[in-house]
Every structure is written in structure tokens, then in C-alpha cells.
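All chains are identified by letter, namely A, B, C, D and E, in their written order; residue positions are counted from 1 within each chain.
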Amino acid sequence: MTERVREILGWYSSDTPGTRSNIARMLNHGRLGGTGRMVILPVDQGFEHGPARSFAPNPPAYDPRYHFDLALAAGCSAYAAPLGFLEAGAADYAGEIPLILKLNNSDSLIGGADPSPAITASVDDALRLGCAAIGFTIYPGSLARNEMYGQIRALSEEAKRKGLVVVVWSYPRGSGVSKEGETAIDVVAYAAQIAAQLGAHFIKVKPPTAHIEQAAAKKVYEKEHVPVGTLTERVRHVVQSAFNGRRIVIFSGGEAKETSAIFDEVRAIRDGGGFGSIIGRNSFQRPRDEAIKFLHDVMDLYAGKTK
Amino acid sequence: MTERVREILGWYSSDTPGTRSNIARMLNHGRLGGTGRMVILPVDQGFEHGPARSFAPNPPAYDPRYHFDLALAAGCSAYAAPLGFLEAGAADYAGEIPLILKLNNSDSLIGGADPSPAITASVDDALRLGCAAIGFTIYPGSLARNEMYGQIRALSEEAKRKGLVVVVWSYPRGSGVSKEGETAIDVVAYAAQIAAQLGAHFIKVKPPTAHIEQAAAKKVYEKEHVPVGTLTERVRHVVQSAFNGRRIVIFSGGEAKETSAIFDEVRAIRDGGGFGSIIGRNSFQRPRDEAIKFLHDVMDLYAGKTK
Amino acid sequence: MTERVREILGWYSSDTPGTRSNIARMLNHGRLGGTGRMVILPVDQGFEHGPARSFAPNPPAYDPRYHFDLALAAGCSAYAAPLGFLEAGAADYAGEIPLILKLNNSDSLIGGADPSPAITASVDDALRLGCAAIGFTIYPGSLARNEMYGQIRALSEEAKRKGLVVVVWSYPRGSGVSKEGETAIDVVAYAAQIAAQLGAHFIKVKPPTAHIEQAAAKKVYEKEHVPVGTLTERVRHVVQSAFNGRRIVIFSGGEAKETSAIFDEVRAIRDGGGFGSIIGRNSFQRPRDEAIKFLHDVMDLYAGKTK
Amino acid sequence: MTERVREILGWYSSDTPGTRSNIARMLNHGRLGGTGRMVILPVDQGFEHGPARSFAPNPPAYDPRYHFDLALAAGCSAYAAPLGFLEAGAADYAGEIPLILKLNNSDSLIGGADPSPAITASVDDALRLGCAAIGFTIYPGSLARNEMYGQIRALSEEAKRKGLVVVVWSYPRGSGVSKEGETAIDVVAYAAQIAAQLGAHFIKVKPPTAHIEQAAAKKVYEKEHVPVGTLTERVRHVVQSAFNGRRIVIFSGGEAKETSAIFDEVRAIRDGGGFGSIIGRNSFQRPRDEAIKFLHDVMDLYAGKTK
Amino acid sequence: MTERVREILGWYSSDTPGTRSNIARMLNHGRLGGTGRMVILPVDQGFEHGPARSFAPNPPAYDPRYHFDLALAAGCSAYAAPLGFLEAGAADYAGEIPLILKLNNSDSLIGGADPSPAITASVDDALRLGCAAIGFTIYPGSLARNEMYGQIRALSEEAKRKGLVVVVWSYPRGSGVSKEGETAIDVVAYAAQIAAQLGAHFIKVKPPTAHIEQAAAKKVYEKEHVPVGTLTERVRHVVQSAFNGRRIVIFSGGEAKETSAIFDEVRAIRDGGGFGSIIGRNSFQRPRDEAIKFLHDVMDLYAGKTK
């Protein structure tokens, strides 16, 4: 148990030893084990975007075991997926990697400005499958946000009582925010704050842009000279917005993009005090060997082995 | 226990022995027992379309025992029906054929673009009636989809704990998809994925057309050259979309049609790696002897006895 | 136990000893302990307005421990916050200051004339975290008001059974009231009455203006010569409207403003028989030392140590 | 919050903030507040021994309010009693002193070698009455011990979840121990260990004698030269036996006796690292003023103000 | 994940992925991780035999943290203890070593031929404390045996549903067996079989002697020439009796004894196909450095590093 992990566990002093054990399991697993940084493999795109959009670029990824194997081979901190994907591999990979069961999901067969995911698994499913954590997506800015906040409140209370960790994906979207606003620095910082106030242990947000969405916020950013010019500064501000760095905030990779662009992003997250990345499409849509090399490179950046 | 059935059971390693036993019961029953292929008789049309539309073409089919007898005589893998039909025969045919209790159903007395079925039976009903599985229909694309996903989540958790198999009918329909889109290859593949991610053991979809409904999907199908020109290719893609073939996917016969057209469809399903057919109207609306002959012919195609 | 606190406890004679103990704990804590007056530190602005708008003016306030420390150092009667902020400090500050867990919250990423907060924590969370009270906001005038009244009814019944205090923030807002009407004397008095009738032990309202919103009320205020010309008179009327002074009514400070203006307001609240202030932004957005000095000054006004 | 109290709270790091808050409340209350020492007034003798035996020596003590008042006036850390006594005063003394609700009690109208107390109140009663803790007596050595251990297991789990403290009176008695053995050093140390292993936060035992009851223990005490010659040494051994001093152990005064004898006992408890005394008959059977003087003297000894 | 661990997990294919994960956690932890052998540190002697008999030979062991530290430093596979000992360290050592919560315990203050332990903790306690397993002692041969079998049945069902491992201590004792019979080979083999039939995942028994207790058994052992002359043979027979080696059987060290005698025992267990040792008094009653050296030596024997 490194000093850094022990320090992080100290931020969760209101939680049970069970929850703290599962936080430790994730922080101690894989190539970044013990550093206080994490790289998580999330694969919910099959449900969220459809199978071909998710897996056709790298067809072995249609197989649920592929992702368990990829996460293990790359030394990820944890693997997150919906019920079906975890059920299809949890027994065969029992005890090999911390699992995060996504408890809600949206498909994209029906549109609408205001996302409203379905509950697709339970806390008891997470125990049955040997998971370390539950995952849940909230969409601040959606008209349906309050329903989601109420759902995670109840699921989170149950998960904490049963010794699990609560990971919240906080993605501003819906009629309350513009398309550009979804990644605006004020909105992303706000989304991190909301997840933290709802009691999330780990928070996942998107890397923010320098855009400021809300007029009332804009005034404050300008008046107080909050530095948000570079991604590093913005990451620092988001981490600050999640209880001054006392909650683990990790950043999503977003759409598949060029490797060098991702490395730049990772450097900025690292230098801004972000705790890591959750990288889905950018890893599982590459050929396996390339993905492992890529994830190792990302981890080496976080570990400070490379600059 | 054949090697093939043993292999299939291996895909369900997270499930209890009870659920695995019931999967095995269905895979080992009837003329296709042991082949890994299935032909299921489903009779929920009385509820879904009304009695005359369903049974007037072959009046003995008004009698619930007719369907038990037909399924047995034809050597089907299982018989699926709503509560009433099963209650009317389950005692007399106890232990003779695996039963699937449909837990939700829609009647067609009131329309609406977005289907939203009623829960019409329970998991405990399924135990009481000696069923091997529960059946449940979801309508991805309906505004009411999330309610259905939430219902099957809870029913499925209970059914699995109690050793039953979960069969999900996944039929895209509603304001999220066009009429043509209901059977579009991208949409059907997506529907199969959703059912699999929700934890279904068996998935029933419609044979897909070559139409691609969603613009975002179309780009990927073209870029990645996903072959969807023939039904065989499309079946292969759907099966791939259900965990790379590690979930049992069966195809519905749909509306009554010419026998030769069905045989062509069955050949394509078989050659594309589909696990079988679920054939309702095309069997029970024919005279009994003709239906048995027809079903035997379908099974022989699946068994590779005929080409 | 002072005579005044004993007198106040006498107003809550239908409540359990547990609830009365927690009322006493708050009335006896801090610099105003025993006076029957209270100054509470509330910090839900991170959720309600976003992190930068709340904490950028005084960045140490991003840290959840800052507020526990500030409330303690300033000698506040209690500290109120949403789940996340309390979980992040409740163990480390166990037993040092009475806590109020805000059970509902609204974010401001999506607008709408009629506020409708989400439930974000439970009564059992309050017990687990060692809180003395639950807090809940109602928005009389909102189309969603009845939903909120129903929620607080249930939460309040549970909280009282478990020995907790019920603190209701009663903020008229929504399509039922004009912007000016939100702080109109008739509306604020009405809001206090509603909270009291819903069974609140402590009621938080905004300092009212002399504006009278409702025509039917206006007639009576004029006919009966209800004095509402000065803030002192209006506070007296609001306190009277909350069961003739037999419920604790405290007033919010509202937006950050000049110190002298706040002191004038406090004098008026004090002289009108108000029980104290709940001061968020005006305290935690100042530098720590200044905030402590400011809060001490406010308390000295309430304690009658200064005029 | 003194350093010593903070250190003690650190021993209970698996507990909720609620439980830690109530531990702190008791450690911070009264004349010994902040010292890490406690003097508790327990009055369950009315139930255990009958009213005249308990209260006739000082008739005002028949009145339940007498004991609240005595505990307050003397500056005790907490007051412990059965349901009825607490119900008779909890509202009038709400918030004035931490309360411990004794959840089980035995009357002495029927004898028997093996005590087996009745459950006389619930954890929810404790919340309703505003208590900081539940109290429970176990009788190791009784044939009915396992029933008691099972009861405190369940009550303790509930109390901890609801933020209360668990105080266990551990009194060896029954056919498993001789009369002399009830206070034998090996038996009392064992009783403290049992209570600690059952999850007690505070443990109450009797001052042990130098007698060693069990042959198997006697060998070890002799072989390992465990010093048990003086009461101070024996207290040190008992405290060591309760998790090496990491559980709060307090000692009962036992039967009414001479004041100087009690002071000697208190000195030994203090010097042996005991956390304090729970003094019933020796306080409430004296006239009020004398009792207060006596309790103050005891506290001064614990506080190190006198020798 | 080594081949051996994978093979062992295969024996538990009826269990949930959660339970299999926790079996894997224990098999993969510590110095013997991956070998399929285990050395577990159990410390329930404080409750079972009393504190001085347990800890006086090595006084630092009075401190609950000592055992967490010892188990970690020695590289044990898991640490087993009653509720109090685990609560006193589970938060501080969160995630550092697999924990087994002993759910029942007997004290030795009262004798009797037929042991009957008390339930002292719950499955939910195990989740709350982050344990990998529950532990439970049965006493075949006791008049109270059926009560214990019924208790473990219920606890085991719950533990398995929640993803925990079930460890059963099976100690023949009571009026059904003679003192010599408690470790008779037929009785120990029978005790292992009973635990296995009750659904235990791990079984703990005592090293058997060559004595044969039951006349009916004796006939068969003789007739079938079951070899039980050496400890290695007897261990082989006990392992065979626990489902032909398809359940993990570990052997207790028993009373403190000479090191060389223990090494001989370990060699016999190893050569007979036993899965390891659970060593309490022989480790924690030695000075820490000596204990670590001793445990390392034991592990090296199991790992085949030494002979």
C-alpha cells in the first residue's frame, strides 16, 4: 500500500471498510497500481451506439471476452460494462480484474433532446458478479436529470452499505445546454461538482474546452481570473471543482482520434492533477496489439515514466 | 450431452446450474435435440392480434391443448405462450415439452406509434407451471422502451436466481424507427445487442433486410465493408452482434407466407450461423398434418439432413 | 439549559425527545448557544449555482473541510450541506458541530419557470452521518409544489420518528408568483405558514419587501392595517405568520452584499423577533479571517452584545 | 476537540460518522469532557433489584427526573437507564445530557443460577428518545449466554447503521463461574475481551480481584508472569484485554461502600489506564449534595486535579 | 492467473462469479499466491480461550492491528477473526489482505460436553467490512449439531448470493465422540464430508490420528485396506473424503508446539494433497520476527521451495 493510495483512501473516511477496500483494489490493480492514477476500459458503446458502430472497426471486439482480455493484457485499473457483457465473462475471468457494472444505459434508436437512460442492472447483480463498483450516468442539463439524481441516490446508498464503490459518469446534455456547452469548462466543472455532491466516489467527465456556457458563470470566471486557457488549467479547475481534489476525477477519451492528440490530452490531464483516463473506443477499436501498446504508452505518461 | 450443447452451455458460465439445466433441457429436447439448433412454437397471437385473426384459419387451434400437442408431435424444442394458454395445458402435458411463459403482452384494440406491453404473468407463475424459461418482449425505438428495459431487468434478475432461462423478443418499433427501419440490418443487429446487454440468454429477432436506417451506422457499414448483401450475411452479422455468437439468437418467421420462401429463409439463417427459428402463424394456421410436415422439413434443414 | 431554550423546546411538545434533543443541540451550540438565536452556515451553492460561481471568489472554499472548519471557528449553530459535502468531512469532524443534511437540491444547468428539485439524500443518510436535522426546500408558487409537499411530508414523518429535526427552506418561486412577488411580504408570510403547516421545526425564508403580491391579501393588509412598512415590522409579521412565533424562523442572507447592509438586515430581523440568519455566500466567499470576524459581528448583534 | 478525544475516535475508524459523533458527544460532555475519561450514572437497579432496595435509602431517587438532574448537576458524561426511566424524563431534559438506553434487563423476582435478561427496548426507541447509545448486558458464564450474544449481535448491527454507540455491560455470572470467579481477574479480562469481540464500543466490567478462576488460565498467568497483584495492575490487564487499550473500558462501582474505598478504587482504575467509572448506587443512594460532591471528587481524581 | 488456480476455480462452477472472484482473491494473495496452497492466520482464540491464554505469551498480540500486520508481513493468504477484531482494523488495512469474518464463536467460561456456539456477526457485516469470506464452526458429534447445520445453511445461502466464500471449521466434539475420537481418522474424514455436503467452499479440520472411532467404520477401513498408517496417508484420505480433492481442505495447527513437529506435519499435509494450514497460536504466540520466519518456512514447504 503506497503512501499515495493511503492518502487517497483518507478522503473517503465516511465510507465503510468494504467500500474503502474496493477503492484500494482499483487503485492497486494493473500497471498504474499504487500511483494514484487510473486507466479504465469502459465498453458500453454496444448498447449506447449499436454494435457495428462500436465493434466493426475491430471485429474481435464483438466478443465479450475480448474486453476482459484487453483490460488484463494492457494492465488497466478496471473494466466497466453493462450487465450482458459482464455476465458473459465474469465467471471465466473471476478475480482477475476489478469490474464496474454500469447500472443504467441509453440506446440511440430513439432521439430526443433530453437523454433519459434505463436502469439495466442492480446492486445485487454487482455483488453476484463480483464487481468492485457500480457505474451510473447522469445527464445534467436534461429535463430528466432529477429522475436520474433520484435513482443514483437510492442505488448509491445501497451500494455503499454493501461495500461497493460508486462511479458516476457526469455528462451534461439536454435542452439545458447547447452542443458547445456540453464540454464548456463551466459546465464540465459544474457536472463534476454535481456528481461529487451526489456522493460519487469516482467521477468521469469529458475534457473541457475553453468555452464558457453560462452568462452568470462567465462573469465570475472573468472577475476572479480563473485560468482556463489551456487544457491543463481546465483540468486543474475541474479537479478543484470536485472537492478541491479530494474526489477521484477521470477523463474520457471521447471519440476515436489520432494517437498524438490523445497523448497531448493525457499530458494535460496528468499535469492538471487529473487522476486518469477512461478510454473506450480509442482502445478497443484498434487492433489488439496496437491497443495494448497505446494503453501502455498512456499509462507510462501517467506514471511519469515518459513525458 | 453432445459436444455442441456442452460448448453452448459454456457461454453461460456466470449462470446458476438451474439456468444452465433449463438451457440444456431446451437444447436437448425434440427433433433438434443435441444439435445446438432450435425450433420453438410461439402462440401469443391470440392476445396480440385477436382470436379470429389467429385461429380462424385452423379452428382446432382455438384449443390450448392443440398447441402443446402440435409442439410435441412436431418435435419442437419448446413451446412459448402467455399465462392462460399455458395454464390450460401445463398440467395435462406436464414434463412433456419445455415451456416458455411470455411475461408481457400487448393487445391490438388500441393503437399508438409507441408500443408499451402489459406485464401479464410473473416469474413465480413460470415456476408454478413448470416452465424452463420466461419470455419478454422489448420494443427498442419505442418511447416506452426504458420502462420495458427496467421491467426485464428486474424479472430477469429474479428468473436467474430461480434457475430459469430468459428469452427476449427484441422488436424495434415506435417513433424512433421508420416502418422500413424495423427490420433494417443495423437496427436488428442493434436490437440483438441490446437484448444481449440486458442479460438475455436467448434472443429472438426478425430476419433483417439490407436497408440501413441510421446515418451514423451507415457510415460505418460502408467504411468497414460489413457485408450485408444477402440474408445469410445479415444473419451472420446479427449473430456476431449478439456477443460474437456467444448468445443464442433465433429468428421469427413473421407473417404467414409461402413455404418455399420460409425454407429459403431457414437456409440463410442456418448458413449464417443462426440458432434456429421461432415459428408461430406459419405452423399453427396450417392443418395439423401439414404443419407437422412443414416443421419437420424446417428442422431437417437445420439439422443438415436436407439442403 | 437556559430559560429561553427551554421555552422554545416547549413549542415542540408533540415531538419526540429525540427531535427535541436535536433542536436543543443546535440551540445550545456555538457562540449563540443558549440565546435562542441561531446563525447557520449553509453551503449548497456548489450544487445550486455551480462551483466557480460559489467558490472562485475564495478558492479554499472548494475544499469540503473548509466549511466544517469555518462553521466551527466562527461558532455557528449548525452547518447545512448536500450529501457529498457532508460525506467528505463528517468522519473527520465527528461530533464537532450539528449537521443538517439537505435532502433535495436543484442545479441551474436547465432553466424553467417552475423549480422542481431532485431528492439527493435520505433520512438514513442523515443518521449514518450523525446529523441533527434534515433540510428540504419547497418552492410554493411552482407548478411542482405539491410533489415537493408530498415528499417532505413523507421524509418529515420518517425524520421525526427517528429523532431528527426538520428544517424547511420555503422559497416562493414559479409561475404562480411574479419575480417581485417572490419576496413580497404577503407571499413570504404565506410561505412561512405553509412550511409551518407542513410540520417544519425550523423555517428559512428570505427577508421580505413591502410589496404585496396578491390582490386578495392586499385588501386585508390594508383593511386590518397590518404594519409592513419597515423590515422590522415585516419580520415581525412573518414570525407571527409562523404560528405566532412558536416556530423558529430564520432568514437567509441571499446574494453577497455589503457588510453594513447585512448588519442593518440583521438588526431588523433581531428587532422583529426573527430567530437568526442562515448565511452562505456572504460568509464563505470572504477570506476566512474576514468571514469569522463578520460572523462574530452578526452573532454579537443577535446576542445583543452590540447594537 | 482535544487531541486525546481525536486519538480515541481513531480507534473506531470502521464506524460511521454518526457513531463516531455520538462517541465524541459522550467524551466531550460534562466535567470530564475532553479528557478521554468518563463517569457515567447508571440507574437500572429499580428493575434489577426492586424499588425499595434501590431508592428507599434516598427517597427522592424514586423520581425519574431525580437521576437526570443528578447526572447533570454532577457533570456526568452520560446517564444510562431502562426505557421507562428515560421516557419519564427524556423530553424534559432533551439535549442536556447524553443518554444510554439499556435494551435488556433482568428482574430479581425469580432466581436461578443462570441469568437470562429480557429485551425491554429497541434501537428505534433509542432514536426516538434522543439517545447517544444503546446499552446491553451480557452474562458470560450463563447457560443463556449464547442467546444474549445473538441478541446483541443483531441490535448492534442495527445501532451502528443508525449512528448509535454500543455499550456492553459484561458481567460473568451463571453456572459456568463460581461466585468468587465472577470478579476473578482472568474472568473479568475474558469478559472484556468477549464484549470487544462482539463489537462493543464501550465496555463495562467490575473491578477484578486477584483470584484466578480457570485452571487453564492460571497456568498462563503464572508462566508469563502477568502482574495481577494490585488493582492497578489488574485494571491494566483488563484494558489490555480489550484490544490493548483501543476500546473504552469503564468500571462499575458495585455495591454501595465507603467513600474512601471508592476513591482508592478510582485511583487504581485511573493509574491502570481505565477510562472511568459507572457509578450507580454509590451516587444515587446518597443525599443529592453529598452525591454531587462525591462524583466531583471522583471526576477530579480522573482528571488528575487531585491525587 | 495460474493453471492451478484456474483448475481449482473449475471445481466451484455452480457458484456465482462473485464467489469465484473471492476464492481467486484468496488463492492469489500472499507468498503462496497462485500455488493452490494457502496459509491462513486465524485469531479467534481471544474469544474462544480468553485473552491471557491467547496473547500473554506475546503481549503485542493483544492489539488487533498486530494480526493484520502479521498476516501481511508474513504473506498469509487471508486473515480470519471475529467481528470485533476485524472492526478494529478493517478500515486502516482496507484492501490489503483478504478477510474472513467468523460468524459464530464459543467462549470457554462455561463447560459442557456439547459445544453450541453463538452467532456473533452477519453476512452483511462481512460485506460492510470488505471481507472475502464468512467463517463458521460446526461441531459434529454435539447434541447441538443440527442447530449449527441449520444456521450455516441459511448463512451460506445468503453469503453465496452476495458473492462471498464460505469457510467451515469442522471440529467433531460433543457427547457423540470420545476425546480420542475427536481426531480419529474416520471421524475427521466424516467431518470433512459433512462440511462439504453442507456446501462449504473451504474446509478446515484437524490433522487426524490413526485411531478409528466408529465400529461400523472400522470394519470398512479394515476390509477395504484404506491406508491410514501415516499422517500423509490420513491427509490423503481426508482430502479424498472432501469430494475427492475437489474442495479446498486445510488443516489446523492446533496447540502451540515445537517448530520441527509442525514442519513434519506440514510436510505430511503437503504430501497428502492437503491445501494448506490455518495457523493461529503457533504463529501469533511467537515474537513477531520469529513468527514471520516460521510462517515463511511453512509456506516454503508448501511451495516446494524446501523439502
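Heads up, the rule we're going with is that a contact is a pair of C-beta atoms (placed from the backbone, for glycine too) under 8 Å apart; a residue touches a chain by one contact, two chains touch by 3 or more.
These figures come from a predicted structure and were not determined experimentally.
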{"item": "Shortest walk length in steps over touching chains, chain A through to chain D", "value": "1"}
{"item": "Chain pair with the higher count of C-beta pairs in contact (B-E, A-E)", "value": "A-E"}
{"item": "Copy pair chain D, chain E: interface residue numbering same or different (half cut)", "value": "different"}
{"item": "Chain pair repeating A-B, as identified from A-D, C-D or A-C when over half of the contact pairs by residue number coincide", "value": "A-C"}
{"item": "Distance from the mean Cα position of chain D to that of chain B, given in whole angstrom", "value": "67"}
{"item": "For chain A paired with chain E, centre-to-centre distance based on mean C-alpha positions, whole Å", "value": "40"}
{"item": "Separation of chain B from chain C, taking each centre as the mean of its C-alpha atoms, in whole Å", "value": "58"}
{"item": "For chain B paired with chain E, centre-to-centre distance based on mean C-alpha positions, whole Å", "value": "49"}
{"item": "Where chain B touches two or more other chains at once, by residue number", "value": "13-14"}
{"item": "Arrangement of touching chains [line / ring / star / complete / other]", "value": "other"}
{"item": "Which chain pairs touch, all of them", "value": "A-B, A-C, A-D, A-E, B-E, C-D, D-E"}
{"item": "Of chain A, residues touching chain E in the complex", "value": "1, 9, 16-25, 28, 90-91, 94-96, 124, 127-131, 161-163"}
{"item": "Chain E residues within the chain D interface of the complex", "value": "44, 46-47, 49-53, 55-57, 59-60, 62-64, 66, 82-92, 105, 107-111, 116-122, 124-125, 129"}
{"item": "Of all residues in chain A, those that touch chain C in their complex", "value": "11, 13-15, 140-143, 145-147, 149-150, 153-154, 157, 172, 174-177, 186-187, 189-194, 196-200, 214, 216-217, 220-221, 224, 226, 237, 240-241, 243-244, 246-247"}
{"item": "Complex contact set, residues of chain E against chain B", "value": "13-14, 16-17, 161"}
